[in-house]
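Note that subunit A is present in both complexes that follow, paired respectively with subunit B and with subunit C.
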Partner chain A sequence: MQNTKSLAFFIDPSRCIGCEACVNACAECETHRGYPMIHVDYLDRSRSTATVPAVCMHCDRPTCAEVCPADAIKKTEDGVVQSSLKPRCIACSNCVLACPFGIPKMKSELEQMMKCDMCYDRTAAGKRPMCATVCPSQALAYVPVDEIVRTRREKPVNVFFFGKERVTTKVFMMAPLSVDAFDVDIADFIWEPES
Partner chain B sequence: MKKTESSQAPLWRDEFAIDVATDSYVTRRQFSKFLVLTSLGMFAGNLWILVKSWFRSSPRFEPQPLGIVDELAVGDVKLFSYPTQEDPCILIRTGIDQFVAYSQKCTHLSCAVYYAKQENRLECPCHEGYFSVEDGSVLQGPPPRRLPRVVLQRDGDNLTATGVEL
Partner chain C sequence: MARRPIDESSLVERFGPHLVYEPPGGWRSEAENPAEKLVQTHCCFCGQQCGIQLKVRDNQVIGFEPWEEFPFNRGMLCPKGVKRYLQSSHPDRLLSPLMRDDSGFRSATWDEALSFTAGRLQQLQQEYGRDAVAVYGGASLTTEKTYLLGKFARVALGTRHIDYNGRLCMVSAGTAYKLAFGVDRSPNPWSDIPLADVVIIAGSNTAECSPITTDYIWRSRDRGGKLIVLDPRMTPITRNADLFLPVRPGTDLAVFLGMMHVIVRDGLANRDFIEKHTIGFNAVAESAKIWDPATAARVSGVPPEAIEKAARWFATAKRGFALHARGIEHQSKGVENVLGLINLCVATGNIGREGAGCVMITGQGNGQGGREHGQKCDQLPGQRSIADPEARAHVAKVWGVNPAEIPQAGYPALEIMEAIHRGEIKGLLSICFNPLVSLPDSNFIREALEKLEFFGVIDFFMSETAHHADVILAGSLHEEEEGVAANVEGRVIHIRQAVTPPGQARLDSQIICDLARRLGRKEGFNFREPREIFDELRDASRGGPADYSGITYEKIDRQMGVFWPCPSEDHPGTPRLFEDGRFFHADGKAHFQVTEYRESGDPISEEYPIYLTTGRVVSQYLSGTQTRRIGALVDQYPEPRVEIHPRLAKEHGISDNDWVRVTTRRSEMTLRAMVVRTIRPDTVFIPYHWPGLKSVNRLTHRTVDPRSKIPEYKVSACKIQKA
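Our next item is the complex of A and B:
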């Protein structure tokens, strides 16, 4: 893990109350006025009220950028995967389909994919992302690493397995202490009960 | 064995890099600079060519005797070089008192043209470019312009080459 004093982004879905304050705070940002670049997912709406904030995980090898035919998605030196470049994006939705976390969304009215860039204008200047500043339950937290370790029961994990594909990310997901890596069983995810 | 990332990456990935640090992004300003400087270079080059053409002297052609008229029967040809040894030419007697001479280099790719007596035309065997015997103009094929014509002067029985008309 990086320097414990440095700021990092942590997501704890178990804390999410589905208030969508993060989405609205995101939309208020002047660089993409009125358009939120994140969303809140309902895990299983018919059975549960559980929600999870879907902000970009900023993969070390971003699949969205790998599949982009227009070379519109770039990763900065500090590991932040940027939203699509407006002059390049052709709105093909390849990234939307490819992202294992379901983060990019195509804005049809703008003919451009927009996704979370970790409020690059803010975080690059040492400020917290908009969503993390407003999250009332701190399901989205942008704090030093040692602080999150000290104040939470869960531990930060940034290794994911989608089948055999290993994905490491800049953003951490809070996990039970027994979990070292999230193993997403894709076949189970696709399966639906008959009734 | 697992390959390293750099050896795995194809060439196009280098050219369309995901990481900003390794991306060779051309800014609008750089591109405009390139356009302006290249145009300026082209303009200067054209200017140079123009100035050079003002001071170019017209080539001088020394008269060169080609022999006496009776050496050739009507329809016969004679090969010679004019104005230098590197410029093969072809002389044709097309009538009792009619002589024409052209450069033998086809204007397409410089193959040697020959006189086709039956068709009464000059033919290039390489790509079937045909030229008129009357004025050397292109009758068919890929040659872009007519054959250079050698100016002939007849003085009694003697023929002399005195110049080249492009």
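Our next item is the complex of A and C:
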């Protein structure tokens, strides 16, 4: 883990109340005003009010960039995976299909993929990302690593398995203390006929 | 006279609500033409009163920036707060006085509109007596405006009938706190919540109606605290509850009495605290005897083991904390419900300590400050009783009048409307109140409005109620007039003026002062700016429970808010009440109150076998006069839907998204179903922010709590069928 005093981005879906303050605030960011680049989903509203906010996880080896035929998705030196570059993006949606977290969205009216860039304009100027600043449940938080470790009952994890694919990310997901990596087994999602 | 001049669709076409999505000049305008200044102020919506910075350019609000230094919300906002800036420069904004004519409304000069208003009010008072006109106020107004309005009604009009829309919000809590503690304020600052070991949330959809409070609750859980939630619905705050009490609507008191029974039975009460600091415990203990957990469970539908567990957790916690809101207060026994919860806190010594206490979650922006200084029918400034001769003498002196000139208490809000309906009150002047959407039994409210001989409105947007007005005076938005408000904690905060009113619109305080002078009051209404009103208010409040005499705008800025009471300029304010074990009653004790269980005013029956309960959604605010004009907020939850449990839905052949007719003893409405397992199977829920055929208040009833006079929005009897 990086320097514990440095600021990092944390997601705790169990705190989320589905209010969409994050989505509304994202749409107020100057570089893409009018276009929210994050979303909030109900897991299954018929059964529960549980919701989950989805911001970009900023993978260390971003699949979206690796599958891009136009080399339009760049990662900054400090690990932020940016929206597609407008002159390069061919709106093919490869990235949308490839992202293991379901983050990129094709903005068909702009013919460009846009996604969360961790408020690069704000963080570069020493401000916190808009969504994590306003989030009233702090399901999205942008705070020093040692603060989150000290104050939360869950712990930050940034290792995910999708089948045998190990993905590490700049953004942390809060997990129960017993969990060191999110091991998502594809078998859990396969449909098989009842015997 | 007060019928709508033309059909509603023409009025809506002209005055909205129209949806605004973008700031003035469009999304790109700020990039090309940046803001000139950031104004540190507060959100205009709920009682959390979150700090926010408004971006201003060319006397227009063009965006916002979080205000991370303000300690209450530290930059956090809900979607309403994020989008609140879009109410400024809105095309529906009223820009000049309007007077009714055959075509609807025409623009008028201030002189014409104010002369007409003063003239009609005087005529009605001469013909029918002083009390034939009434004044309605609002709890979104700054405290200065509410103070001025109270003085205006009692001194300039001389009517005893002034009340406000906080009557639909905080009065059950206020009445109960006064009975128990002798003062109407949340006793603890919010910074106490994370320190609590057990938190009870009773009748509060905290995550949607006061979203910022969510983080305070989660921080208590981060420390290992337990969360108990009492509600007929699993609202988003329930997702991390350690114990959920799925109470049947209208039976909360049975759960509290059941918990008190367990505390007394098992000897869990804090005898030492009770003996030193309270009176009346024995009678309460005696009254809980018949409420064993099994009996409480039969009435409330909450399992007896859950009642036992809640009682034990709360009573044995080092620090127990209770939060409550309209769920338990909007009932014909709203005061009893709150007292039932207060009794639990006092019996266990959970009051007046760090991390331990009992608080009300104030609903409206200035729900706290707006009820302290004079627009409530039975109170004078400083939260003093209008019946108290000493208080009358003090306030009369500040106002420069004879104490005998100050009228006695008038009718509360709903009774004013009932008096209009029966012809006793003929004229009404209303500011910042939309009773056609927010009062219960809205068909009755519409009939009453149509009987008015004169109806004047001060507002910034055309509300549905204002459709019935004879004259509409274009007033000021939250960001257009300086003043103070008191947030949910009793922290007095500074509302800054970010822009001046557009067009011919005027400051509310100037409209009221001008009207007072035209009514013949040359003295006492010559304030040039809100600060002068505040200085008089400080004097008027001096010595009362809500003592503001030591508060100044500068001190608020310096301290990021001042908690009242603050009796002198060198006093820092009082974040936590009762720390010295002394309560505000003359004997210094907390007073236990015996609570009696009784049925709702609209009981279920064979014909109407289902409970109907009403409430709010996160993206809309109250009657929607402001939030139904903001595109993103409307898109998030465009129209009311009825929440139905799958078991009940199946009984009636209803699937998700089907049209459903909901009928009560008053009226019916048809809306789409939302079939969810998060509501009791004997209950349906409809949010209330919409007018006309989408208004659930056509279905609610006019029963009120006998002491607080709050309507019973949370419990009606209904039947449902697939439409």
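Throughout what follows, the second predicted complex is superposed on the first by the 188 of 195 C-alpha atoms of A that agree within 3 Å, B and C clash if a C-alpha of one lies under 4 Å from a C-alpha of the other, contacts with A are read in each partner's own complex, and residues count from 1 in each chain.
Here is the rule we use: contacts are C-beta pairs under 8 Å (C-beta built on N, C-alpha and C of every residue); 3 or more make two chains touch, one makes a residue touch a chain.
Fair warning: this is a prediction, and the values are worked out from it, not measured in the lab.
By the document's definition of touching, neither partner reaches A:T168: not subunit B, not subunit C. Set side by side, subunit B and subunit C differ in how many residues of subunit A they touch, and the one touching more is C.
When the shared chain is aligned, no partner comes close enough to touch A:S6: not subunit B, not subunit C. In the superposition on chain A, A:A65 makes contact with subunit B only, while subunit C stays out of contact range. Once the two complexes are overlaid on the shared chain, A:S93 sits clear of subunit B and of subunit C alike. Of the two partner chains placed around the shared chain by superposition, subunit C is the only one that A:T49 touches, whereas subunit B remains out of contact.
In the superposed model, A:C19 lies in contact with subunit C only, and not with subunit B.
Shared-chain residue A:K74: touches subunit B; no touch with subunit C.
By the touch criterion defined above, A:T133 lies against subunit C but remains apart from subunit B after alignment on the C-alpha atoms of chain A.
Within the superposed three-chain model, A:E28 lies in touch with subunit C and out of touch with subunit B [touch as defined at top]. No residue of subunit A lies in contact with both subunit B in one complex and subunit C in the other. Those residues of subunit A whose C-beta lies close enough to touch subunit C in the complex are 14-15, 17-21, 23-25, 27-28, 30, 33-34, 45-51, 128, 130, 133-138, 151-153. Only residues 21-22, 27-28, 30-31, 63-64, 66, 68, 73, 75-79, 81-83, 207-208, 211-212, 214-215, 218-219, 221-222, 224, 234-240, 618-619, 632, 636, 646, 656, 674-678 of subunit C touch subunit A when the two sit together in their complex. In the complex of the two chains, the subunit B residues touching subunit A come out as 16, 18-21, 23.
The residues of subunit A lying in touch with subunit B in their complex are 62, 65-66, 71, 73-77.
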